[in-house]
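Naming follows writing order (A, B, C, D, E and F), and every chain is counted from residue 1.
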Amino acid sequence: MPYVNIKITNEDVTPEKKALLIKGATQLLVDVLGKNPNTTVVVIDEVDTDNWGIAGETITVRRQQGK
Amino acid sequence: MPYVNIKITNEDVTPEKKALLIKGATQLLVDVLGKNPNTTVVVIDEVDTDNWGIAGETITVRRQQGK
Amino acid sequence: MPYVNIKITNEDVTPEKKALLIKGATQLLVDVLGKNPNTTVVVIDEVDTDNWGIAGETITVRRQQGK
Amino acid sequence: MPYVNIKITNEDVTPEKKALLIKGATQLLVDVLGKNPNTTVVVIDEVDTDNWGIAGETITVRRQQGK
Amino acid sequence: MPYVNIKITNEDVTPEKKALLIKGATQLLVDVLGKNPNTTVVVIDEVDTDNWGIAGETITVRRQQGK
Amino acid sequence: MPYVNIKITNEDVTPEKKALLIKGATQLLVDVLGKNPNTTVVVIDEVDTDNWGIAGETITVRRQQGK
């Protein structure tokens, strides 16, 4: 029944890696809280680097600066 | 003033169906809680089947297995 | 499999009304998109009127002004 | 450490305007609460006008009606 | 830089278990995507069983029925 | 019409400061994108320090360590 939302930048995240995130997050809820995996939902949001900011700057700008 | 967020997989959801979801969710808030529809916001997020997981598997994989 | 999040102010929302919101939102997804109700999740967030703003004002202030 | 999510319709929002939203939201948290900008995250979601509703109508329909 | 939100019902989740969820979700992002843990944020929302629904019913009702 | 969600830890945030966050976030959308303040919604979520993690640790633990 838990719901997990993972937000990451859309930088070459393959379907295989997404599948690993979903599998791992579901297992975490099973291991720590004994939740039922069959009703555990995981949603991954991929966000454009222009639309994600940290320290007041977009990730696009930070990548250009090698941060 | 309520805010409703509906997350679904992006599998052939037409603009007409989206309009019905928005109309229905707004009406639900009016009917149950007497909210003002003019300030009721509904946002629909369509999520790629690679990015949605249940039971530790992506929807893409589950669709391939006929689940 | 859909996920619905309803955000409302915490102003006397009874368990019966919450149950109606959950029932109605689930039925909406069944009716419009043919979704499976058994994996449709609805989460209601009740927000303090100090923590909700519209038109740049908190709901607390607007209630005091009879808005 | 704060997390800010800004949801807007995807109507010609340039990278420059997104950068201003990120800069401004971060500064707001610094000014009002003294938060550390280096761990303040801002994520902008751009939503299709078919997927955003207010007053029970999609923004697409409202734009056509000149609202 | 990732942001993870975990929503669960508020049924006896100890601070120790919350710490394990935070540690595990952060490590998952490091392992699968090579993300920097120092800017990985995890937020846990605990939701009242009256406010969480699945299959059109609240968790409160389902717990009473032994589901 | 925009929707802004601000998540912060629940550490002595007064109603006055919340009002400033709401006012400031609304004004930001007006200034940068010319949005209508009357339909701009801001919701503040205050999160327990046990429920917020960064760098794999809860804020509770980090505060104890003087971080």
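What we mean here is this: contacts are C-beta pairs under 8 Å (C-beta built on N, C-alpha and C of every residue); 3 or more make two chains touch, one makes a residue touch a chain.
It should be emphasised that the depicted structure is a prediction, and the values quoted were computed from it without experimental measurement.
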TODO: Could you tell me which of B-C, A-E or D-E has an interface matching B-F, in the sense that over half of the contact pairs are shared by residue number?
DONE: D-E
Open item on the list: With a Cα-based fit, what is the angle in degrees between subunit C and its identical partner subunit D, given to the nearest 5?
Closed with: 180
Open item on the list: Based on mean C-alpha positions, I'd like to know which chain lies farthest from subunit E.
Closed with: D
Open item on the list: Distance between subunit C and subunit F based on Cα centroids, please, to the nearest Å.
Closed with: 20
Open item on the list: Rounded to a whole Å, what is the gap between the Cα centroids of subunit D and subunit F?
Closed with: 14
Open item on the list: Quick check on subunit B: which residues sit in contact with 2+ other chains?
Closed with: 1, 3, 7, 25, 39, 41, 43, 45, 52, 54
TODO: Under the touch definition given earlier, write down the residues of subunit E that touch subunit A in their complex.
DONE: 1-9, 13, 17, 20-21, 24-25, 28-29, 31-33, 35, 39, 52, 54, 59
Task: Interfacial residue positions of subunit F with respect to subunit B in the complex - done: 1, 3, 39, 41, 43
Task: Residue numbers on subunit E that touch subunit C, as the complex places them - done: 7, 45, 47, 50-58, 60-61
Task: Residue ranges of subunit A in contact with subunit B within the complex - done: 15, 18-19, 22-23, 25-27, 37-46
